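Next, two complexes with chain A in common: one pairs it with chain B, the other with chain C.
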Partner chain A sequence: MDANELLNWARGPGFDIALVIFIGGMLLRLLEVLALGKKPDLSAPRGSGLSGGLRTIFSRFLPRKQVFDKEPLRIVNAYVMHLGFFVVLFFYGPHIPLFESVLGFGWPALPSGAINAVGAVTILSIVAALIFRMNSKVLRFLTTTGDYVAWLVTLLPVLTGYLAYNHMLLPYTLMLALHILSVELLMVVAPFTKLTHMFSFVTARWYQGFKAGQRGVES
Partner chain B sequence: MSAPTVEKGIQAIKGQIDATVASYFSSCVHCGLCAEACLFYTETGDPRYTPINKVEPMKRIWQSEYTLLGRAKKMLGLSKPVDEQTFTDWETLVYDGCSLCGRCSLVCPVGNDISDMIRKIREGFAAAGHAPEGLIGASTRAVEIGSPMGVKLPAVQAQIGHLKKDTGLDAPLDVQGADYMVLLSSMEIMNFPEYMEAIARIMKQAGKTWTISSKAFEATNSGIQIGVSDIARVLVKRVVDAAEELGVKTVISPECGHAFTAIRWDGPNLIGRPYKFEVKHILEVLDEFVEQGLIRTEGKDDQKLTYHDPCQIARKGGVVKQPRNLLNRIASNFVEMEDGGAMNWCCSGGGGVSANERADELKMTAFKKKKSQLDALGVDTLVTACANCRLTLEEGLEEYEMDLPVVGLTEMLAEYLVEDKKEQA
Partner chain C sequence: MNDQTLGERLRQRGVSRRGFMKFCAATASMMALPPMMIPKIAQALEQAKRPSVIWLSFQECTGCTESLTRSHAPTIEGLIFDHISLDYHHTLQAAAGDGAEHAREEAMKAHWGEYLLVVDGSIPLGANGDYSAIAGISNLAMLKEVAAGAAAIVSVGTCAAFGGLPMANPNPTGAAAVEDIITDKPIVNVPGCPPIPTVITGVLAHFLTFGALPELDHLKRPKVFFGQNIHDRCYRRPFYERGEFAETFDDEGARKGWCLFKLGCKGPTTYNACATARWNEGTSWPVEAGHGCIGCSEPRFWDAGGFYKPLSAPFNNIGDTILTAGAAGLAVGAAAAVLNRRTKSDAVKNRETITIKDLSKES
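Our next item is the complex of A and B:
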């Protein structure tokens, strides 16, 4: 199989398989969660669970001062990593038609040069995340193999995308094929690692926020 | 009760795993920020006290029972099992190293209610026979005698007798249809009789009828702390039966943190139905009385004082404004502690820690957080609204040779009632 064939496989059957596993896997994980059910809170409510749940889904995007002051660099790096990943994923010109083909609508792209710079920063922040992890007593203690797997499959798409765009290291076609394959690896692995947080953070925040809203307490 | 076993522990933990727990474990990215919110970590520097690590056994059970990949791993013998050794290793993290203060739950970026998970996992530890002796003793006394400290009705009656003799005020037992049924904590009966006197004065001035039930005067609930819902249910049911029998409108939870959590929030869920009466914390009631002009105060304490928010009353109970309204009315130099309100630091003795002698040394280490907060403020008096916080604070202040009186807010308010001033004059 040469680079062109690999690229074709990655763009065709490879992507379809990955998409099925990603969507099916995430739905399965969601079902595993929801099937466990939750008893209603019978205590007399002070406030609205609905508004508490919605509020917490958004309020937790910002850190409380008390933890930010303890770990400012790590928290800023986490923002850079997440936002950088979103920008290169959703606003790089050639990515948008792919979303359009699945979703049925598109949106304007950012200039490629800007995306390239954001990509470089994102790669650095993902590497920095690993350095932070290895240098913190608490994080070293908590880290599992799954954390390293999740780290690697997050880094690879951004790294190969950057290398392909800049025609570095390998011939463009081969690097592009590897880029798409690395995205597919991420899609296949995500439902079975902590990367499920990309969706489950909504339910987690909702559950805590709902309870807090009903009880009239902060969350 | 049949003998506890590891199998029962695992079953009990499985029984606690619901959609919320599964959501929380699915969302944890091992960022470790919860450690920074936990005084057992910040004061010891030991990463084992990272809140999310305390529920690791529950995570293993969730993975191997309720996820596809985990079940596959279990079949292939690749998963880490939860066994006797796991319970032994985690017991001190789950009970000694957590006061269920809930601060971790408020900082988790993905929104995990870690404190709630620790409360849940305790069910498994108790069922597996890995609960601390101190809590087992307190729970047994609560069920058999009626109070975790072994306080019986005659002790309450004796206190009522003293109250009548010293002040001429009454604390009436078993009054049908009273406006309020007042609960007490054992500590208030044994260590802080000022509380009952304060209630009697305040109720008299407010013109409200009140009563203490001879069948259910104890507010504390060791079942909640040890994590045995069956015991918690028995203790809550006592209060509910007594209140509904007397037909009172409102039950007042005393200056005790977890008692409020037990009767206000957990209670209806334990007995499986809403109550026919309201539950309010004493500070909520006092604030209402003041707002409605039912009680009037005169004069202000001019000492520099601060307020320690009991976790279960502020962070988990939402009673944050009320103590401040009250204090500003009766104190001219009230200053906030750093992180005061919903993000307060625990006294280090909540959630059953203070009833667990094995945890004494760890508790005093964790107390350093409160010590540093108090050192930074340099106050003359420390006010709080939880008898358990109060004892823990007094113990910690003594241990670190800090000369600082600790007072309950209800009794402090009673000192500034207008009528009292007239009577004294």
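Our next item is the complex of A and C:
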């Protein structure tokens, strides 16, 4: 199989398979969690669950001071990583037609050079995230094999994208095929690792915020 | 006539020394050779005897022959092409029927082991090769017969080089490339649909000058012509870098000459000399004419999801895929939810009461 054949497979059947597993898997996981339900709360609510839930979805984008003060570097790095990934994914010109084919509309792209720089920073921050994790005894203990897999499948698309754009290591066509395949790997793995948080952060925050809101406590 | 050298014949045809040296300089620069090689090229070409060339056309559209013979006919490249001894080319030769086939057999006999074999078109392997035949001889049999006595083979066009359009899914004739069939001869692939005429003459000039084939890439393409990425050499590249893309063929971006990536340009994965050598005697090339590159010099460009789909977009209709995936996910999720609920209620039902007595029991 030559590079062009691999690229055609990745853009054709490969993407379809990955998309089915990604969407089907995510819905399965979310439905499974939501259907577990919760015990009826018999006490009279002291506050609004609705406003507590909505507030918490947004308020938890910012860290609590006590938590931030403990590990400022790790938290700043996590911001860099998440924002970098977001910018590279959604604002690199050639990525936009992909979303356009799903959503039916697109948006303006950022200059490729800027994306390249953000990509480099993102790669470094993903590596740094692992180093922070390895250096903490508690985090190391809590990390499962699935978490390492999640880390790897997050790194690969950014890394292969950077190498492809800069024509490094392998011929462009092959690197582009590997880049698309690595994204498909991420899509396949995501529903079955902690990467589900890309969607479940909303429901989890809502749940916590709703409970806290009804009890009239801060969340 | 065959004993005349190329130099003699060019002079006979009224080509001046200056014109000839200009051609040699252009050839040297095109092949990325240092200027000091120009006199050597001139000398070698001047003294070159007319090599015998047998041109076989199989499953093809004659576009490659059109490209080579018609568009460049008045140029020196065209004359060079005249001055090879094209002993068999069933589209161009005057002879027909048995006479044509005899010309091929005679040329093969007279120059056995020395002639250059040029092939355009793919070779059908399905139904024992019966899909295409010339003078009752299947393409497969003719290729094998002529290739046996060839010094080297030049596969002209993407069909001969990689299978081309006849090989497109579902490949009804079992079309194959020359290199899939002939494995014991030096082969140069000159892909393109059609290839740039100067690239063909460049390869022939290299063969005449050095008596050997040029350096090839991993797809057996001459590196000097196929070492350049269209995207990297594209004059619209700055727009790509700035994130400025034409969205349709007649919007403001298209009029301003912005990047054609979103309109399906395959420049980033295509290696060819179009962006530098250009077409029609250097007049223009597809991207300059406002149409994205279709990647015609790459294997499998014919099955790459459509010429107007951006390289980064998936082939198929995503809407249907999403609906199927969503329905499947919800169904499996609902089943999982029922199972989980049952596990939960079973656990509640079968819960055994543990007393302090149980815990203090010695095990």
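Everything below uses one rule, namely that the second predicted complex is superposed on the first by the 218 of 219 C-alpha atoms of A that agree within 3 Å, B and C clash if a C-alpha of one lies under 4 Å from a C-alpha of the other, contacts with A are read in each partner's own complex, and residues count from 1 in each chain.
Just so we're on the same page, a residue touches a chain if its C-beta (ideal position, glycine included) is under 8 Å from a C-beta of that chain, and two chains touch if they have at least 3 such contacts.
Since this is a predicted model, take the numbers as computed values, not measurements.
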| item | value |
| --- | --- |
| Touching partner for A:F58 - first (chain B), second (chain C), both, neither | neither |
| Touching partner for A:L28 - first (chain B), second (chain C), both, neither | both |
| Chain B versus chain C as contact partner of A:K70, first or second or both or neither | first |
| A:N4 touches, of chain B and chain C: first, second, both or neither? | second |
| First (chain B), second (chain C), both or neither touched by A:Y79 | neither |
| Touched partner set for A:T203, first chain B, second chain C, both or neither | first |
| Which superposed partner A:S219 touches (first chain B, second chain C, both, neither) | first |
| Partner chain in contact with A:H95 - chain B first, chain C second, else both or neither | second |
| First (chain B), second (chain C), both or neither touched by A:P108 | second |
| Common ground on chain A, meaning residues reached by chain C in one complex and by chain B in the other | 28-29, 32, 35-36 |
| Partner chain A, residues of chain C touching it in the complex | 219, 229, 232, 240-243, 245, 247, 259, 261-262, 268-269, 298-301, 303-305, 310-316, 318, 321-322, 324-326, 328-330, 332-334, 336-337, 340-341, 344 |
| Interface residues, chain A side, partner chain C - complex | 2, 4-5, 7-8, 11-12, 15-16, 19-32, 35-36, 93-98, 100-102, 106, 108-113, 167, 172-173, 176 |
| In the complex with chain B, residue positions of chain A that touch it | 28-29, 32-39, 41-44, 46, 56-57, 60, 63-64, 66-67, 70-71, 74-75, 78, 136-144, 147, 192, 194, 196-197, 200-201, 203-209, 211, 215-219 |
| In the complex with chain A, residue positions of chain B that touch it | 17-24, 26-33, 35-37, 41, 45, 47-48, 50, 52-53, 66-69, 105-113, 116, 264-269, 272-275, 278-279, 315-318, 339, 342-343 |
